[in-house]
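Shared chain: chain A. Partners: chain B in the first complex, chain C in the second.
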Partner chain A sequence: PLSPLSPGSGWACRAVLSDAHTRTVRRVAWSPCGHYLASASFDGTTCVWKRHEDGFEVVATLEGHENEVKSVAWAPSGTLLATCSRDKSVWVWEVDEEEEEFECVSVLSAHTQDVKHVAWHPSLQLLASASYDDTVRLYREDEDDWLCCATLQGHGSTVWGLAWERSGQRLLSCSDDRTLRLWQRCDTQGQGSGSEQSWQCVCTLSGYHGRSIYDVAWCHLTGAVATACGDDAVRVFEEVMPASP
Partner chain B sequence: MAARFSGVLQLTELDDFIAPSQECIKPVKVEKTPGKAAAKIRIEADGSYFQVNQDGEAQKLEKAKITLNDCLACSGCITSAESVLISQQSHEELCRVLALNKAAAAQEQKVVVVSVSPQSRASLAARCSLGLLQTAQKLTTFLKSVHYVFDTTFSRNFSLLESQHEFLRRFQRQAEDKKALPMLASACPGWICYAEKTHGSFIIPHISTTKSPQQIMGSLVKGYFAEQKHLAPDRIYHVTVMPCYDKKLEASRPDFFNQEYQTRDVDCVITTGEVLKLLEQEGVSLSDLDPAPLDTMLGAAPELSTHRGGGSGGFLEHIFTHAAQQLFGIHVGSIHYKPLKNKDFQEVTLERDGEVLLHFALAYGFRNIQNLVQKLKRGKCPYHFVEVMACPSGCLNGGGQIKLEGGSSKEELQRVERLYESPRAEDPEENQAVRELCEHWLGGWGSQRAQEVLHTRYHALERANSALNIKW
Partner chain C sequence: RFLIAAHLSRASDIIRTIRDPEKPNTLEELEVVTENCVEVQEIGEDEYLVIIRFTPTVPHCSLATLIGLCLRVKLQRCLPFRHKLEIYISEGTHSTEEDINKQINDKERVAAAMENPNLREIVEQCVTEPD
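Let's look at the complex of A and B:
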């Protein structure tokens, strides 16, 4: 085994934000600009913290989900936030930057079970969600509301995590069914009059994981994919390019 | 099944995995004598439970019972109870009741009254490609095995007028009563159930206590109409035709149950879609029927009328116009709605010399209700009155309306809207029949009877928060 990469000089705990949530904090996410931190909790709320010189302050508490919030994600634009919950819904929130106020823009109830994760497309206003109902769903804005524009079926069990490729062309999902699935859009832009987009599973990685795969991360610098698995291992995958003829 | 109730109602704690004993918010009271020590429970072969005390004495335990109404209000484990409700109040049930009624002895027979909402009528008209009046008349013919077919536009007059009065009272006491304003509309049961369950005692003081047109119709049919016909209220079977399923829940509220006569003000709610099913079942096409003259509760009704202000009843419009006149002496000709973040959230303002006198809003759909309630909680709600409806685009787009084929859903809705708005718009204050009924039967707007007939109350639902409720 390689020797560990140069160790940092250590980590210091700068803040303990313990008064905002009354139950497990399940997910945290930094805003693209770095000034805000969102925390999603089983208490049904999502707090948005503003970073100051000397600490963090709650600038907004997003309420409305009926029960445990499982995930929160900032859109790359920084003005939208998505949350998802065991109440089967995905909420899209918009921030009014001046007022530092968040308003609910849409409540999407496309999933039929607990929604575990939400992930924004790296550049478009396209949102993906993963659920206990074994599907991944995609949402986009349509006039003054949002709608579900695609349902990705194929996994045989709960989809726990999602990761977009840097270019946004493809999406990876990991599941309790011990597989990774790679999805790609297959209809050309502007084809068809309906709001539905067509996505296909172009690759399924099975047989590598011994247990449920809880998370997947796709490095936007190197293209490498890492997975977190219930079999106590971290795996790293790389796309093998076909040899040139 | 769950998809049929409004989005607002659906989002309240529906989960297929909860064990009823954990999530049920209706603790059942069972008569038990308190024991000194722990007892053992023995289950017999036939499934009955016996509590065995320390001295060996066995006591049969009563089965815990929860009524359907309790279940529905809770939604804790509604998934299976829903289907029971839907079948209990459906067109099949109506057919069953009508058949039974026909076969019953004369003194047992009930007078069946059907009250049709204008939204349902517009939806049927669009589907059958008929004009509104024709639809009303042919529907009257179709329902001929019932005795009377009324229009809830009539009872809506009372709802609108009383809401106007209530608003003025609240506006005038806002200095002493911090909870008087904003006043929130109460005609939508999806909104009411959500408010009671999720925000409880915080929001209830803001909700208008004026009953919805459906329930005022119930009170009028089982009260005024029954008296006119010399019938006891329980001799009338009152059916309403509504654009959504949430209205079924409203009809079954205990507050709308007449204890004295053991009868509900509205016995059965069927949706527009269910009326269509009835037509299809009978193999009847509405357009083929002959028109019949329309029934009225009192007075002659030569033609259909409607109210201004949109397909959800026009509460904002009527309260605004009335308040502007009564409080500030300003006559409002037409109202200008300013859309905000989305088309289901709109504002209306009355200004004079740069000062805002009245600030009202429409908030339809769950996301807007969310934002409204959050603003209220933070003390940042600038409105005096909000017309709250659970369904995006309002009642004309209710979950029980008929889905038309062909064309986009937007076009369909516009067609229904045009039909809905086609009759002459009437000012409730100018309706002779309303005035007569109010004077002679209610005894005036401020009377005791008016209070009973036109107002209701709400109940916050407390939820038990325990660690058992967590789903990891």
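Let's look at the complex of A and C:
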């Protein structure tokens, strides 16, 4: 058994923010700077809270999705936010840090079914989305507008979660089809080679999970991958490196 | 083996009295569910997979998903043993059966649907045992 790292003396509940949403809160995400918290809800809105010494205050309510918001994610730069919904769309919001204002700069309707999750690339302004339509899509900004630059097909059912590798070179997706898929870009890395990017599935992990895989997390420190599965188990995977000659 | 038979029987008892959302009959009376539509498999220690294959009376999409919802809700509440549940429209009985099966087995879709007060009301009426 692992020993705990410097245990504190417990946890205290600092705030209960119960008046902003009128339905299930599905996802929460801290901003990279730590001052803001975004909450995505089945009520169709995403609230952005500012953290103060004595509590939290709503600084913005992002509206527009037609039904349940399933996920929200901050770009590592802190200047962009993405939300996704059962309405099949992904929205990209620009953050004006000084004014604490959020402006929708793009509504991306590439998916043909609910979008379950969105995840930003660790260093580039590249966004990935996972959908009930069994695909993963990637989006990037091209001359002031956002567009879908790749569609990753291969899963046999709903894609529930996504996790980027620390380097950003590979992306993991987990699915209702009980597999994990690893994706890697395979065209030349040039930026100007048209709007499309080519990605291929370089590895499929099947036979490990007994039921739908709902989430996947890729540790940026150790490279370990953890999965959340409907068969009541947590699994941890590590890449096996070839032995040095 | 005995346990599987007992669990199967229990599941059948639970679903046969569910009322149809539109007609004043039970799912058993309308032959939406039958004795053969329940399958139980052992998937772990004291854990069982319960599979239901139901036959909707009409090919109406929303009604089929509603029945699927009622089946899921009542079984989840009433099955006394640790289980995982899969609910399907029996093969060949519906033109959009893949679409419906996907919906009724997506736990997020199900949870969101049950937050709709109108839908919830209908489901409750269908699954509540009369006094």
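Note that the second predicted complex is superposed on the first by the 234 of 245 C-alpha atoms of A that agree within 3 Å, B and C clash if a C-alpha of one lies under 4 Å from a C-alpha of the other, contacts with A are read in each partner's own complex, and residues count from 1 in each chain.
Heads up, the rule we're going with is that contacts are C-beta pairs under 8 Å (C-beta built on N, C-alpha and C of every residue); 3 or more make two chains touch, one makes a residue touch a chain.
Quantities reported herein were computed from a predicted structural model and do not represent experimental measurements.
Colleague: So in the superposed three-chain picture, is A:D145 touching just chain B, just chain C, both, or none of them (first/second/both/neither)?
Modeller: Once the two structures are laid over each other on A, A:D145 reaches chain B alone.
Colleague: Using the superposition on chain A described above, determine whether A:D87 touches chain B (first), chain C (second), both, or neither.
Modeller: In the superposition, A:D87 touches chain B alone.
Colleague: Which of the two partners, first being chain B and second being chain C, lies in contact with A:T158: first, second, both, or neither?
Modeller: Only chain C; A:T158 stays clear of chain B.
Colleague: Check whether A:S106 is in contact with chain B, with chain C, with both or with neither, and answer first, second, both or neither.
Modeller: After superposition on chain A, A:S106 lies in contact with chain B alone.
Colleague: Return first, second, both or neither, reflecting whether A:E63 touches chain B, chain C, both chains, or no partner chain.
Modeller: A:E63 sits against chain B, while chain C stays out of touch.
Colleague: Tell me the contact category for A:R211 with respect to chain B and chain C: first, second, both or neither.
Modeller: A:R211: touches chain C, not chain B.
Colleague: If we overlay the two complexes on their shared chain A, which of chain B and chain C does A:F42 touch? Say first, second, both or neither.
Modeller: Touch status of A:F42: both partners.
Colleague: Could you say whether A:R23 touches chain B, chain C, both of them, or neither, answering first, second, both or neither?
Modeller: A:R23: touches chain B and chain C.
Colleague: Do chain B and chain C touch any of the same residues on chain A, and if so, which?
Modeller: 23, 42, 67-68, 86, 114
Colleague: Quick check: in the complex, which residue numbers of chain A touch chain B?
Modeller: Those in contact with chain B are residues 23, 42, 63-64, 66-68, 86-89, 103-107, 109, 113-114, 144-145.
Colleague: What residues of chain A sit close enough to touch chain C in their complex?
Modeller: Residues 23-24, 42, 67-68, 70, 86, 114, 116, 132, 157-158, 176, 210-211, 230-231.
Colleague: In the complex, go through chain B and note every residue touching chain A.
Modeller: Going by the criterion above, the answer is residues 7, 10-16, 198, 341-343, 366-367, 370-371, 374, 377, 392, 470-471.
Colleague: What residues on chain C touch chain A, complex-wise?
Modeller: Those residues of chain C that touch chain A are 43, 84, 102, 106-109, 111-112, 115.
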